[in-house]
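Have a look at the structure below, then the notes.
Each chain carries a letter (A, B, C, D and E) given by its place in the written order, and its residues are counted from 1.
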Amino acid sequence: MSLVVSNLSVDHGAIRAVSGVSFTVESGKIAAIIGSNGAGKTTLLRTLSGLKSATHGSAQWNDHDLFSVKPEFNVRHGIAHVGEGKSVIAELSVEENLHLGAIWRKNKKEMKSTQLDVIELFPILGERIKQRADTLSGGERQMLAIGRALMSRPQLLLLDEPSLGLAPLVIEQIFQTIKSLRDQMSLTVVLVEQNALGALEIADTGIALNLGKVVVAGSAQSLLNDPAVRAAYLGY
Amino acid sequence: MRKRLLLFIALGWVLLFIGDRVDELRVYQGASIAVYTIAIGSIILLTGYSGQISLGHGALMAFGGYVAALCVANASLPLWFAFVMAALLTGIFGGVLGFAAARLSGPYLAGTTLALAVGLPSLANQFSILGGEQGIYLDPGLPPARLGEDFSQYKWFFWITTLAALITMFWLSNILRSKYGRTWRALRGNEVAAQLCGVHTGRQKVLAFALSSGLAGLAGALLVLTISTVSPSAFPLSLSFALVTGAVVSGIYDLKGVMLGAVILVIIPEIADSVASRFGDSLKIISTLPGLLVSALLILAVLFTPNGPGEKLHHLRHKRKAHSG
Amino acid sequence: AQAASQPGITSTEIKLGITSPLSGKVAAVYGKIPGAMKAYFSHVNDNGGVYGRKINLISKDDAYVPTLAVKATNDLIMKDKVFAIVGALGTANHLAALRSANLSGRGVPDLFVNTGFSGFADKAKYKTTFAVLPSYVMEAKIMAKYIDDNYKGKKVALIVQDDDFGLDAIAGFETAGLKPAVTIKFPTGADTVAAAQGWITGKLKPEAVDIAIIFATTTTSAAVLGAAAGLQYRPTVGWMLGSVGGDSNTLRAGGVPLAILNGAIGTSFAPDPSDTTDEYVNFFKSIYAKYVPGSTFDLTVLQGMNSAMLTVQALRAAGKNPTRAGLIKAIEEVVSATISRAPLPTNGLPTNS
Amino acid sequence: MYKFISSLLIGLSLGAIYSLMSISLVLVWRSTRVVNFAQAGQAIVSTYIAYEVVNRTGSFWLAFIVAILAGALLGAIVDRYFMRPLFKRVTTGPIVAIAPVVATLGLLGILRAIVGFIWGVELKPIAAPVSLDGYSLGSEVLPFAPYNALVILIVAIVLIVLSLLFQKTNLGLSLRASAFSPEIARLSGVRVNEIRTLGWAIAGAAGAIAGILATPTSYLSPNSLDILLVFGFAAAVIGGLESMVGAVVGGLVLGLGVTFVSNYVSTSLIFPTAFVFLIVILLVRPSGIVAGKRSRRA
Amino acid sequence: MSTENSLLAISGLTVSFGGLRALSDVHLEVKPGEVVGLIGPNGAGKTTAFNAICGLVKPDTGELFLDGHKHAWPQPHHLSELGIARTLQGVGLFGDLTVLENVMLGAQKFSHSGLISAALGRTGKDEKVLRERAQTALERVYATGIADRRADTLSYPDTKRVAIARALVSEPKILMLDEPAGGLGQQDIEWMNSLIRNLTAQMSVLIVEHHMDVVMTVCDRLYVLNFGEVISSGTADIVRRDPAVIAAYLGASKVNS
């Protein structure tokens, strides 16, 4: 039970954005992927969920080959992706955005209860439930995006910079939430973050990317203690 | 800038020289190309730059055509003045329309201009001064005597339309390169950001619509010159669509391709004609082929050179460089 | 020897050209004309042609749009180098073509234009143009006279297309001193049953008209009569149909019930195409059936074949070595006589259809 | 009074037909953000097919069903083999905004040419399945026949069925999500391509219904639905493009407006009326009568 | 409240959207040469306050003072003339314009040529002025090297630079930055800090930001919004220890770090 990525390379035209990346995330663990702007983090995640096609390499989630189907079917294998930059549908209401997350599941009752869980996690969404998503503040949208992904009750959650634009308290909450999702529901999380410190603090393993290549990988603790990592990504 | 002026003058000489060497049919086609050049230019300004879609430019051409014909037929004004009036009044009409249009976007604007194209010509029958369906005769007068005896009517039209097209293209290319062009492109991309840069977006959209209308009016007046008559049926919906086609084929964003678009609009029916005659003279083929070809071309253009031949060439050149380098 | 220098004339061929709407909104009505002309020319060609020359008719589509008519006419004259233009159709179109391509200045014969616009009779302006049909003005005058003779003082309504064709009719009725109580003008393409219901319930019925004249195309006649059928409406005296849209065959094919047609008064300047006793109709009909099998023979076909027949007569009259000028002269001198001898127009009187 | 009631009834019948075309345009707009000008072409093809069926079997209702199926199939084909490649290829530059408009116009031309080539320009009639004789009110016969009632009934059914489909099922949400943001919809497990094609198919069916219902009261020719397209589009814009109720409201408003102006002002003002209506309504409400809320700007 | 010596001040600002009150009775001022931070939880109304100042939303009540004088709420396109420039929370560059053109657009107010001279192609001088100003602005954000690139091909940090250059080029007296550091890596954040500090010689800065490093480093004073109300204000040190702010916004962990 694990996510296994091996020797993955991805190109944007002539630019090789991800180059020979391999790593494994054990089921029920959090992997933090850190790296500066343009390191290839987003590209990596988009490839895993199937939005972008890989040039080389493979990725397996348990027995499922992530690259064998279109993204809409990866969701059915329990893989949810929250895109970079508030991935919500602006023209739909908050509620519709949430329903969308569970749309491929037919069980309405289950959907209702999941929605309650999500609202408990982000109460502001409950207050704005009938509003169009584009009236939300930047941070509220980020919460909605995560909420939408959780609506599909995923086993593997791919999160692209969830802390972007969020208030410190909320970031902390979100990181705590991720942690508790892991602990309580044994959710596996691939967490891409600029906020390396926060991410590594909750993660089990850490991977630092630079120019598409893995520069350091190991337990999160070891990265936190690595002076090179501290200098490059943590700012102290 | 001076260089550009010289370029235009040189181009003018070349065109006139060519006009002297070819037969009359080509000269007539040349005049049509010049007219389409202006009309397509007006679409490029509007759609390519300010991002507004018009499916009703045929109606604006009709407006200009009527203005010019009225000036000549009723007020006996000289031709050049009639053309200036056509551009001016259509521009003003477009500006008024633009006040409504500027608040609309995308499909709403497309719908409104489409309704304009359908509605405006049939208004012509409401006013007897506009000559009903039969229209008004625009008497172009004879070419000036000093051009010689065998200087044909069509050559005269060719000179007039080509000169008008050159002047318009010179102005238009200047405007599109100036801060106006930049502003329109900007507000097409992000209206709020443009406002924060100090752009009065409403006013700029109206301005673009008015200028584009003015050009369409001028093109309409020149079109009327080449057929000597203005009547409501001369500006069918298909004309409006043809202009959009021409603009897309030219590269909607690129004034350089504009002549190409115009040439294609004129040439396609010719090709259709010769293909049809090869298939014998089935009336069905004669009547369906031109429509089929124009439509097919349009689709091929959006599919394969969506941003115009200019961009395509650019890419090819880069590829070649990349290969050789 | 002289003929060799004439455009469109070779020792074996006479090239003629026609522009007409083969596509677009009026194609359904007029699109058959070139085919009908070709049928007649084929018949002539198969019987030896004109002094041994075959007639070759080149047909161009103008979609009823003046710009396209100009282009097509220019192509015919300058590219295909036809000897003459025949049977051109549509007033606004042909006016534009005439003026822009300068037919009279170039001396290109412009024969038997298929429009009733009275202006084409102006020989000072259009030296080479000949109209064959009596103008719609004439037709309207005759109708007006008929009404005056038989239904003096009755309330008349006039339904016309808002274009040259309709304007001609209005002018004709006016000069004949008939003032319609109601005039309904509608833009081309807006002649649906719903619109016609509006005309009937909104104008004809409230005004209690006695005679309603439909001076429009078949589509309009069908729409109005269809709407009338649904409303069980009939003007107190009855309907009166102009020649263009009064063809009962077409109307019946379009589902207009026979009952409503009965008692309608039609004007037709050609013999009724369904009249099997008329020798010309039968003659044309057999030709058309032979060369265009499967197509219905209707008034438009008759009109086209008639133009073609006149063209052949004119060409014959122009002699063995036809020139453009000669052709024009021949028509002026000879064909005018021929026309008066020919059965067309047969009578100015309305026939019951 | 008779005149007024008649105008009202004519306007409603006319508006009902506009509504159908308008609904089909709204459906495509909602599922792919495209104004489908080819709809008139698709509808004309399915109506000609219906004409052939009527001719051969004499059954209007069989033809009606065949037309719906043909319309749906054609809609699906247009999306699958035409719009999808287009969206794949055209991704950057100012052309993106107008490419769909232009492409569907091109398709309209092609479909019309094909129809002209196969069936020619001669007018073809389709007889109405029920009587065209108006109901009477006292001594007056009204311009409202069983056929008009049938049309309005069908519009109502189409509206109700589609509204239920959209509001009570996930399909509506999937359609809108795919239209607004294919990527997010995909990430949520929506089979975006199939859903969009389905949207086009449903729209094609609605357009086919409009085509076959419009024909018995007029003729069929390669151009006979053009006016319907223009009015249907105007109706959709008046209605706000987003909702099917809006489409129907827009259709009825336009049908009534055109009829009243024609009957009370001038018969020749039909087309200008549509334009004036559009301008006036859009000046008051720039995104239609039944518009969604304006979005936040920054 | 004294608004005499402030560049910009708002008082009693209330904004609501339908039934939702996004801001209520907000007071805020910016003095010359000051960097003022506006912080608060997501949805507290920070961007809305910016939008009100910029004329992008219409306040229910409230007054605006510029240079100590009462001023009507401006229209967005008047801001540049009033000496106010703003960046957007998204980046808001014009994707198909080049970087230079983007920045030149921000300098539009220095161009005075009209349509006629543009048509005749006589705007060379004018354009040159704009170009030079744009170049200078790009130099200030160390982005001269990318002047000819199309804006939609830039890397994320570069877009942020260009957005700031476009704001700077109009020579504002007040620069409003909405989350300038959002999404930036550590090095770029440090660069941003020093840039903002350097700007204070020419202008005042009003900044919305969630990155506490940035806020605490560059801001002279802070206002904290929560549910549309100012719950705390003062210097960074005072605010970060305010229990209300900790509870509503910072969370316990930030206080000690």
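Going forward, a residue touches a chain if its C-beta (ideal position, glycine included) is under 8 Å from a C-beta of that chain, and two chains touch if they have at least 3 such contacts.
Just so it is clear, the structure is predicted and the values come from calculations on it, not from any experiment.
Student: Figure out the least number of contact steps between chain B and chain C, where 1 means they touch directly.
Tutor: The distance in steps between these two chains is 1.
Student: Which chain is most remote from chain D in terms of Cα centres?
Tutor: The most remote chain is E.
Student: Name the chain whose C-alpha centroid is farthest from the C-alpha centroid of chain A.
Tutor: Farthest by centroid: C.
Student: Taking the mean of the CA coordinates per chain, how far is chain B from chain D in Å?
Tutor: For chain B versus chain D, the centre distance works out to 31 Å.
Student: Using CA atom averages as chain centres, what separation in Å is found between chain D and chain E?
Tutor: Centre separation, chain D to chain E: 47 Å.
Student: In whole angstrom, what separates the CA-based centres of chain A and chain B?
Tutor: Computed from C-alpha means, the inter-chain centre distance equals 51 Å.
Student: What residues in chain C touch two or more of the other chains?
Tutor: 22-24, 27, 31, 162, 185, 187
Student: Quick check on chain A: which residues sit in contact with 2+ other chains?
Tutor: Residues 135.
Student: If you look at chain D, which of its residues touch at least two other chains?
Tutor: 93-94, 116, 120-121, 226-227, 266, 268, 270-271, 297-298
Student: Give the list of chain C residues in touch with chain B in this complex.
Tutor: 22-24, 27, 31, 34-35, 58-61, 63-68, 70-71, 74-75, 78-79, 91-93, 95-96, 99-100, 102, 117, 119, 162-167, 185, 187
Student: Write out the stretch or stretches of chain C touching chain D in their complex.
Tutor: 22-25, 27-28, 31-32, 162, 184-187, 189-190, 192-195, 197-203, 205-206, 218-219, 222-223, 226-227, 229-233, 250, 253-255
Student: Would you tell me which residues of chain A are touching chain D in their complex?
Tutor: Where chain A meets chain D, its residues are 49, 51, 70-73, 75-76, 80-81, 83, 87-92, 96, 99-101, 103-104, 132, 134-135, 148-149, 152.
Student: Going by the contact rule set out above, which residues of chain E touch chain A in the complex?
Tutor: 17, 20, 40-44, 46-47, 89, 155-157, 179, 182-190, 210, 212-213, 248-251, 253-254
Student: Mind pulling up the chain D residues that touch chain A in the complex?
Tutor: Within the complex, chain D touches chain A at residues 170, 173-174, 176-177, 180-181, 183-192, 292-293, 295-296.
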